[in-house]
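Going by the order they are written in, the chains are A, B, C, D, E and F; count residues from 1 in each one.
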Amino acid sequence: MKYIIAAIKPYKLDEVRDALTAIGVRGMMVSEVKGFGSQSGHTEIYRGAEYAVNFVPKLKVEIAVPEALADDVVDAIRKVAKTNKIGDGKIFVLDLQEALRVRTGETGEDAL
Amino acid sequence: MKYIIAAIKPYKLDEVRDALTAIGVRGMMVSEVKGFGSQSGHTEIYRGAEYAVNFVPKLKVEIAVPEALADDVVDAIRKVAKTNKIGDGKIFVLDLQEALRVRTGETGEDAL
Amino acid sequence: MKYIIAAIKPYKLDEVRDALTAIGVRGMMVSEVKGFGSQSGHTEIYRGAEYAVNFVPKLKVEIAVPEALADDVVDAIRKVAKTNKIGDGKIFVLDLQEALRVRTGETGEDAL
Amino acid sequence: MSRNTSQRKMIMRVLAGAGFLAGIASVPAAAQETVQVMDKGDVAWMMIATILVLFMIVPGLALFYGGLVRTKNMLSVLMQCTMIAAMVMVIWVVYGYSMAFGGGTGAYWGGLGKVFLAGVTPDSMAATFTDGVVIPEYLFIAFQMTFAAITPALIVGAFAERIKFSAVMLFSALWVTVVYFPVAHMVWDASGLIFNIGALDFAGGTVVHINAGIAALIGALMIGPRIGYGRDMMAPHSMTLTLVGAGILWVGWFGFNAGSNLEANGGATLAMINTFTATAGAILAWAGLEAVLRGKASMLGAASGMISGLVAVTPAAGSIGPVGAIVLGAIASGVCYYFVAVVKARFDYDDSLDVFGIHGIGGIVGAIGTGIFTSPALGGMGGEDFSIASQVVIQAKAVGITVIWCAIGSAVLFKLVDLVLGLRVDVEAERLGLDVSSHGESAYHS
Amino acid sequence: MSRNTSQRKMIMRVLAGAGFLAGIASVPAAAQETVQVMDKGDVAWMMIATILVLFMIVPGLALFYGGLVRTKNMLSVLMQCTMIAAMVMVIWVVYGYSMAFGGGTGAYWGGLGKVFLAGVTPDSMAATFTDGVVIPEYLFIAFQMTFAAITPALIVGAFAERIKFSAVMLFSALWVTVVYFPVAHMVWDASGLIFNIGALDFAGGTVVHINAGIAALIGALMIGPRIGYGRDMMAPHSMTLTLVGAGILWVGWFGFNAGSNLEANGGATLAMINTFTATAGAILAWAGLEAVLRGKASMLGAASGMISGLVAVTPAAGSIGPVGAIVLGAIASGVCYYFVAVVKARFDYDDSLDVFGIHGIGGIVGAIGTGIFTSPALGGMGGEDFSIASQVVIQAKAVGITVIWCAIGSAVLFKLVDLVLGLRVDVEAERLGLDVSSHGESAYHS
Amino acid sequence: MSRNTSQRKMIMRVLAGAGFLAGIASVPAAAQETVQVMDKGDVAWMMIATILVLFMIVPGLALFYGGLVRTKNMLSVLMQCTMIAAMVMVIWVVYGYSMAFGGGTGAYWGGLGKVFLAGVTPDSMAATFTDGVVIPEYLFIAFQMTFAAITPALIVGAFAERIKFSAVMLFSALWVTVVYFPVAHMVWDASGLIFNIGALDFAGGTVVHINAGIAALIGALMIGPRIGYGRDMMAPHSMTLTLVGAGILWVGWFGFNAGSNLEANGGATLAMINTFTATAGAILAWAGLEAVLRGKASMLGAASGMISGLVAVTPAAGSIGPVGAIVLGAIASGVCYYFVAVVKARFDYDDSLDVFGIHGIGGIVGAIGTGIFTSPALGGMGGEDFSIASQVVIQAKAVGITVIWCAIGSAVLFKLVDLVLGLRVDVEAERLGLDVSSHGESAYHS
């Protein structure tokens, strides 16, 4: 199984979710993160005080998937999240050793 | 060492923390996530505009644990987080290669 | 490649970011977490109701790095985040199997 | 127009004030004989006083309470305050005003002579404390309407975060009918039961605060505690909003207290300065006690002290002196603090936002304290023959009647509503929060 | 000073009220002959009424609107409301007051006789409805200034979250000049076109609300929908702030409505009680409809009903009865609900905060309703010869003229501003949010 | 009652106004001879003016400041404003009123003749500007009490986010005693030092704003910058709350400025319109400067301009014209902008919320500007013999005396408090935030 972590542009979330459910993903977790990368931030000034906001708001999507689905998931996110503008985000794939569904006690791919 | 990531119902946090400290866990990180899964969300209407809120608020708990403790941790969370209602959450186990405590420089299981 | 997850004190973020960019890190994700560890929390009282706040605000920094940079990253964070006070945080290193930059489709270390 | 009111006149005015509507019924008759003067200064003042009491409800009380609940129940509190106020305003016009001040001479209600405000026109006048001085009856109706609207809204703090929206609406409609209108008549009308025992209640300590506090206690007992009470974190979701609400309540309370004078004269300014000093004393007392007993003075403590002081000075504002007010406020605040932080913890009920602890207890301390600090020996405006002992007995009787009437009425009504609609939402809805489950909305998005 | 106004006088007063400035021009002349009385009660009331209307703008309207947008555009809304108000205040002093009430006798404007408030001193007096009763002209200027300042600020809700800041400023400056000042003159000045057809508009239903609503509709159509409209989540970022804003609007609206009486007398108290009851009826109606049709009454529904009721009672406040006001408020609220929740969805424009749906539609219902509920048969203050049919025709004409004038004027101005500056920010700026892209700030940090 | 005040009378009134309490001491004596008239319109107005100034403190100032700090220090700011106000109200009753206006004829204080408000009853009257016109002394006491309460609360912005709560309380108690009461006596009492040099200060530019600004600067210098100042992100945690606070301050400031007229007449309406136009001019100026110099007008800029304009028009409100007020507001705003955005950055002190930059600098510009724009040549109300040059010299002297008195007094007191209690919390507490470390609470939960 794989544990996929993706950083995406916030307004792409609904599309990403739709694309993933379409290929059979049944769960995920989404959180707000401050992203740092090539996309530059902006400057804010409050009276005399100037602050460089170097971080850009992104959403982090985490999806545990069966081995077989991993590539499709990466592809799906990639297609949908892409706008060809800087800051489109990245996808990271980690190895997932075990999964468990609390309610039923199911483990492994059944739990996903 | 293992890196355990669990999605749980928000009001279960205190019980989970107590159960984990009881078996010897000495640290964790908790963050708010929007969960997507079999548990369905709800609908909100603002004047004429209807929005389907597909995500359910969950807490994500991350715990780095010594190899030996991993199963106990999974068991403990499972027992305490279970309500037998849909949306109880999931537990994921990843392999952890290295750990370091910033203050002391300790590494490996000593750092956990 | 490595996926490095660090818990740090919030006010250390700017220093950590500077230290990492100095050694060539080009991206990261930051999120707010509630940390639990040896550092104790505090108590809040609202009229008669007393609540123990066991969690301490921390920032979680996630950085995907090329294999070669991993040790430097750990070192850099460690140096900068250290105040010798309890609660300085921890660094966890996981194995990263694949990375992809959405905008360009680059994969592997090129994507980082 | 130069003033020459003696202290003796002042206390008489206060007594008259307690039943200030006495004159209304007789106005049409009296109009034949005496010259009635409407002063635009009084009209200006009473309009603003009326507006200030509305300001107390939305957004004042709504925010004070709303800030104290968890995010997921925020809108339900705002909604309850708003909807109760709107509903009671309509009821007031339909039959509430008549029940309270309809001109009937019963001891318990004013009859149905003014349902739908029958016979009132922009030319109708209502009496004030001063002979011959009148204000437009529409203005009196509007001013009193805001009192009727805020009182049931005060109660909702007791069972916040778990009550059914339909239940709170039905209860409020019944409660104003069975409890509020009769008690208002009893206390403020010249034919009223409590008025006639000689109780002092300048701006509604019994009618508004004790009434609301008792109903709240009964409600909290009958509805039961919130899920997770005493175990889960239930800290206020926004102390900021609570302070904003408290500040607005203080500001609006001048409409309540100085407005209850019905005229813009020296008496109103006495009520005003007392509403400053009692509150200041109460804020310092609560925060001071916390600093001494806990080592830290809390902002919620300061805000709670503020409301305690305002509640306590409500019946007393027109008849005590500004230094006595500081002391009265401080005492009331201390008693409320002790109740909320110590006594309440020993019992096992969940008066979520301490409506009883602050409005009920503070109201009782204020009612009794009025009987004490009105004494000229303590800087009050009582006449030379003022007797603390006998006035305190009268005040205690007024409190007793109100408590009994309200407790029985409220208990019956809660039971009734429970049978008809059920009082509580189900467990899932309570966990999810009332905003989404009862109103289909969330307070905050990004 | 005892009141003896007959109903007949009342309706005359109302008619006069619609053009209450009629007297100003002639004051200097008239002063020679009749005794002018300035009552400090009136001055006190009108000062507070003026302050209340400012309170409606900042923070009232700013919060009501601001709460409804997404976090990233919060400050842009607050900024637009604040800056428009400040700019229009300066314009008002420079030439706006003169264009509206400068003493000229044209049907469309008041001339340039009072640019820079020429000739006005603290001793200058302005007429009220009552012969011989005056208030300081500075006070009248300030009161009317707040009306001029809030009206263009109402419009910004239509194109929130996407307009260029410079465009909204330029548009507002032009719009008050070409639309607001002339319509104010037409409706309220004795020489004005709409005044002379006999329309009733007590506190600005046409001038303020219909005007703003129509301009908003035109603006929404010409600027186009927000990116992602109908697809992305665009729920209000803080319903709490929206309720706070709505509550402040209600509180402040008494300045608007009861202030438009210009005197602190029985007439003002009628306007006041109507501003309570119509609003209460409207809140109950909207929430009730939602409860029946959707199964859940929403807090945004209650707040929306509140504003609908306030808008509808604006032209009617001085001439209908309090029970009629409940009905009028409820009807207006129902119509606005139907429009906003059903009709609007059928068309494809994005009036983001429903300025047209609430101020435009509510304003029209109120204008027509004023022609109905002023009838003495319905508890209104109209004289015995009051004819609903003929008054409704007059009201409809007033609405028609306002709609046409405003629609054409607004369309031309939007086009013009589009050519000069462009109306919309670019896509990236809209995505990022106007706070950062237009103002270099974020509303919230930790 | 028809007005016939000449311009000459107006300026005399203003001069008298600067020491409006002059009459109080002599009232009992004078009462024997002249007829004293209390007008209920004045009483209504002054009550509301008093309430408005309270509204400025909580929640106005508390929110304006609170929004500007980081989340972790929010409650500490709200708490400081609330507690200082409550404490000063009690001190005012105990000895503050007497020190400032106790009837003593010293140049520096009013003696102890009215400690505990000795001798004041609801029948006591205080003089206004107009001979024979009086208002209840309780009202005057309450009005002035709110001024005394807000001034030390203004100072806390300078050392927000790091001061010890006990230190700020002790400092405030000492500061009002040593600085505020004497300066109030000097400026406003007929026997006062600054009054007798002929300075114009209508509503407290020196007493309130320069005083607070100077104390703030001294405080910021002596306490030192926040940890991480100039390096860490210290952006306002809620610009929304800051705008709400600023709006409330504007609204409440009419109590301050038009209230300082003590009567509801033409003079008050002049102060009112100036408080609109100066503020509007100041908002446009700050935002305009930012637009030109930075390319973006910020909402904090608009809010800062708003406060600058209000500060600057405070001493001038009663004696300048509305067009002059626009210019004065704009100039003051520009100077404050330049100071805060440019000059301050060159020095190395941390006046966290720019109390000196806005209240100090704006107050000085306003004081000098009053000497200029009062000239009839610039539309002001000064008499024909008004000389800008000589009045400016007088104004500068008044500023100088205030600055020196306040600077020395404040420096000594900060030192004293530092020795007794220590001024700053420790590093860990500052990092954690004052809410948790000093008050045991957090502003927000979920």
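Miscellaneous remarks
In the analysis below, a contact is a pair of C-beta atoms (placed from the backbone, for glycine too) under 8 Å apart; a residue touches a chain by one contact, two chains touch by 3 or more.
As the structure is a computational prediction, the values presented were derived from the model and not from experiment.
Contact with both subunit C and subunit D is made by B, F. Taking shared numbers over all numbers used, the subunit D to subunit F interface scores under half, which places it in the different class.
Subunit C and subunit E have CA centres that are 53 Å apart. Note: centroid distance subunit A to subunit E, computed from Cα atoms, is 47 Å. Among the residues of subunit A, those in touch with two or more other chains are 31-32, 44-46, 53, 94-95. Of all residues in subunit D, those touching 2 or more other chains are 39-42, 44-45, 48, 233, 235-236, 238, 294, 298, 300, 440-442, 446, listed in ascending order.
Pairs of chains in mutual contact: A-B, A-C, A-E, A-F, B-C, B-D, B-E, C-D, C-F, D-E, D-F, E-F.
Residue ranges on subunit A touching subunit B, taken from their complex, read 3, 17, 26-31, 62, 64, 94-103, 105, 111-112.
Those residues of subunit D whose C-beta lies close enough to touch subunit B in the complex are 228, 231-233, 431-432, 436, 440-442. Note for the complex: subunit B touches subunit D at residues 11, 14, 42-46, 53.
The residues of subunit F lying in touch with subunit D in their complex are 35-45, 47-48, 50-51, 54-55, 57-59, 62-63, 66, 74-75, 78-79, 82-83, 85-87, 89-90, 93, 116-117, 121-123, 125, 136, 138-139, 141-142, 145, 165, 238, 241, 435, 438-446.
Remark: subunit E residues 233-236, 294, 298, 300-301, 304, 340-342, 344-345, 354, 357 touch subunit B in the complex.
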